[in-house]
Amino acid sequence: MRHPNRRWILTRGVALGVALIAHPRRAAAQASPASVGPANPALLDDLVAANRILVDQGVLDGYGHVSVRHDRDASRYLMSRSIAPELVTVADIMEYDLDSNAVDPRGRTSYLERFIHGEIYKARPDVKAVLHSHSPSVIPFGATGVPLRPLYHMSAFLWVGVPVWDIRTASGESTDMLVRNPALGRSLAQTLGARPVALMRGHGNVVVGDSLPQVVFRGVYTEVNAKLQGQAMALSANVSYLDPEEAKKAEASIAGTLGRPWELWKRKVSTK
Amino acid sequence: MRHPNRRWILTRGVALGVALIAHPRRAAAQASPASVGPANPALLDDLVAANRILVDQGVLDGYGHVSVRHDRDASRYLMSRSIAPELVTVADIMEYDLDSNAVDPRGRTSYLERFIHGEIYKARPDVKAVLHSHSPSVIPFGATGVPLRPLYHMSAFLWVGVPVWDIRTASGESTDMLVRNPALGRSLAQTLGARPVALMRGHGNVVVGDSLPQVVFRGVYTEVNAKLQGQAMALSANVSYLDPEEAKKAEASIAGTLGRPWELWKRKVSTK
Amino acid sequence: MRHPNRRWILTRGVALGVALIAHPRRAAAQASPASVGPANPALLDDLVAANRILVDQGVLDGYGHVSVRHDRDASRYLMSRSIAPELVTVADIMEYDLDSNAVDPRGRTSYLERFIHGEIYKARPDVKAVLHSHSPSVIPFGATGVPLRPLYHMSAFLWVGVPVWDIRTASGESTDMLVRNPALGRSLAQTLGARPVALMRGHGNVVVGDSLPQVVFRGVYTEVNAKLQGQAMALSANVSYLDPEEAKKAEASIAGTLGRPWELWKRKVSTK
Amino acid sequence: MRHPNRRWILTRGVALGVALIAHPRRAAAQASPASVGPANPALLDDLVAANRILVDQGVLDGYGHVSVRHDRDASRYLMSRSIAPELVTVADIMEYDLDSNAVDPRGRTSYLERFIHGEIYKARPDVKAVLHSHSPSVIPFGATGVPLRPLYHMSAFLWVGVPVWDIRTASGESTDMLVRNPALGRSLAQTLGARPVALMRGHGNVVVGDSLPQVVFRGVYTEVNAKLQGQAMALSANVSYLDPEEAKKAEASIAGTLGRPWELWKRKVSTK
């Protein structure tokens, strides 16, 4: 990871002096950073596929974004310019440094909330892919604080708990709900901690993984689990969730099978 | 926007003099008004797209209608003849004055409830597009009076409150539920007030915006919010909605992103 | 309507002597009745369309059937041989007398429950089209006895009440749930009375109309109303339904608009 | 059906000797068994169709599997290699002995949970087809223990009761939730007993039938029944299910009609 340069601190340090987060150390350079070079074309293809799969599976609509860490340099990540995920092609993918500065933007607009991605990549060296979505069945859980828990083995990865991040608490005031600066991104990353999923009250969720297939799998089955958990809670006050030990084991076993849905989902979006 | 011309004011004044009396006959001129000239072709294309998008997104079925104010003259609006919205083409679009008289009808049938549109355009100079729908998830809210409230930032525009208009109260008697005359249209416009959305008990809703992309966006996310709010209320008695300040800010921020879903949605209906 | 012939009474009268229903007067002739002649080709096309529309709109799945009274002779009706409604073509349509005897069956299998149609046509001279479905959202109402009521104007036709027919009560014993003889069909027709819809406990519903467009419209909006009514009841204990007077007026007004969804729905299934 | 050969009985006898002990190693021969010869090509086509139909009808997603007993030898069954069911072709189908050893695997990966199939075929000579799914609407029933019961005649086969198998009880410890060895498969088969369906807590269900059309039919209507039963229970505390006698009769009658949806469903997946 690269450190923020001096110039940014001078120009923006005052404004951030009273900011919400205790140590807003990292921040973005104003000058566009230099590219670390082209990413693996297969990784770019997978990033395009991830965007389309997440729409096809009902996790993303016209909003939300998914990114992947650059395969050549862990201090960079790749994400589409600001368009609807269903329309993303390889030509739309931009390179960002971890302060979420765009490399060679050429007038292309970036997602306002790219700081979600940059700050999580900084905080989580293990994370290779990040998804921010308005996953519909998940919204009611973020709005009620009802804990999302693993109802079946497909969503076993939820066993470590799914925290809810409240931007109002994080910022100490009412915001426009958007993670539009590094400080808010860091706060969200702190709430996420070492977990795979965090909900955002009144907004959506963030999902991370060690690869694009894993982050897509987790995004899809977080949505499915939320839908089915709501149905289970309506049926009975006594819902059995996976116990931590079995969830841990199930998560490990399922991890070995991710290629199966990934190949299916890719094929479905490629023939559209 | 151009100001309504003098003739319109005179006509309208008389019509408004007789409020919600039992049998308000049509106050406007019976003779077909003259056209103010052709609308911008791009606006007509967008109106066709709006019809199809609202079907594609599950807001409209075989019923409902969306209109746009004429770009040349604020005292006119444009809307399809009476057909299912999914079938609307540019050739079906008719011009109406604000008393909802059709210009050059040539035998084409008008929607019975066109007065919803005309009366809102009269009452709301800021409004450039109007949608009337039977948005399915919204119907249960209109029937129960449970307040529709913004569950997440995408539907922040609901923060000002969503009134429920009851045609039985408005007319003082049992009706056929249709807004089939100017007086009922005015009553609905009064209930709507300065807000973006009003529900119609036992019927549907009306949504307004400053453009077709905005009215479509609001129509879609009113439907989504209603669906998710029902789920949230089933999960817990404690649902957190956006607070007014954050909703206001979120609404302003989201307003700057409407082009993203609009381009997506247009492309989806154009390739069908 | 033609009376059952003598021969049938002789051959079957004994078996029916101890049957479930008090006066099993009408019954079917063993010999295949003669045709009253070909039906209007447009009517046959509409019957094929009705089958496909009801699948497309989620009312029918692989089961269920829709029929229409013969345009030449009120004592005959037309219905497909026993195949899934989605696969019905004009060549599959058979002619039946009102005892549900097939004209010229040529080895084609008839729906076991055709007596639903024949007995309703006998009892209701006003009825020109009959639908029997397992309309999914309607099943829970039939199983609980919660009254289906008109939540909005589109389903105003439900205002007269929707009775639930229980085959166990009708037959006085446990059956295989199927309306597999004239007596059960008559019992169902009696429960239906002069109404447009009756539910069948543990089975589905029956819907009638004065035309194919009307029966299709009613089938679709019975399903939609059931779905939305369940949502409304979950939201609040105080649901406002249309009052009888407004429902009556709304039903009459909507009746004048049925061509709009019918044209749309026909076009959708014809381009598939 | 042919009887299991002598060698199978010997092998199986030993394997069954060690029941649900903690670490049941594979009891069957490690060497790949010899083929009993090619299956009927029509049966293979039906197995491919069954996979695709179950996806098309929302019972399977990227996971789950369906198998059929070999038509030449009752001690063998046929199932796809480990890929998503939607992608299965005839070339993917492998032969297994009842210990779930693959015949001529040629490097092809088997489903980890194939023991579900093998052990049920052993325990149930009447069973010719087995489905394991994560049927979504069924998951909440498995997680709550709310009994799945037949709401209507289409799911009358549920009348004998739907037991819930808990892998934690079966194994005496927390597992990875997968039926990854013969002992767990046997335990599941014991819970299933003579019934058509058993739920698996925190996982999914298993469905059996005397043919592929029957197992597909049962898989589809178990899903539909679960969805509708949840809706019925939300509507009212008094839900009428089929009584045992009528369910028994209905099951028998419906059994004679399975060809109708099967032909429809096959046609739908073949034109995709």
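Labels A, B, C and D are assigned to the chains in the order they are written; within every chain, residues are numbered from 1.
One rule holds for everything that comes next: a contact is a pair of C-beta atoms (placed from the backbone, for glycine too) under 8 Å apart; a residue touches a chain by one contact, two chains touch by 3 or more.
Only a predicted model underlies this, so the values are computations on that prediction, with no experimental measurement involved.
Path length between chain B and chain D in the chain contact graph, taken as the least number of steps between touching chains: 2.
Shared residue numbers account for under half of those found at the interface formed by chain A and chain D, and the copies are therefore classed as meeting with different residues. A separation of 36 Å divides the Cα centre of chain A from that of chain B.
In terms of their C-alpha centroids, the spacing between chain A and chain C amounts to 51 Å. For chain D, the set of residues that touch two or more other chains comprises 234. Taken as a contact graph, the chains are arranged in a single closed ring, with each chain touching exactly two others. Taken together, the chain D residues at the contact with chain C in this complex read 150-154, 156, 224, 227-229, 231-232, 234-236, 238-243, 245-246, 249-250, 252-253, 257, 260-261, 263-265, 267-268. Per the touch definition, chain C reaches chain D in the complex via residues 61-63, 82-84, 86-87, 112, 134, 136-137, 139-146, 167-168, 174-178, 180, 201-204, 230, 233-234.
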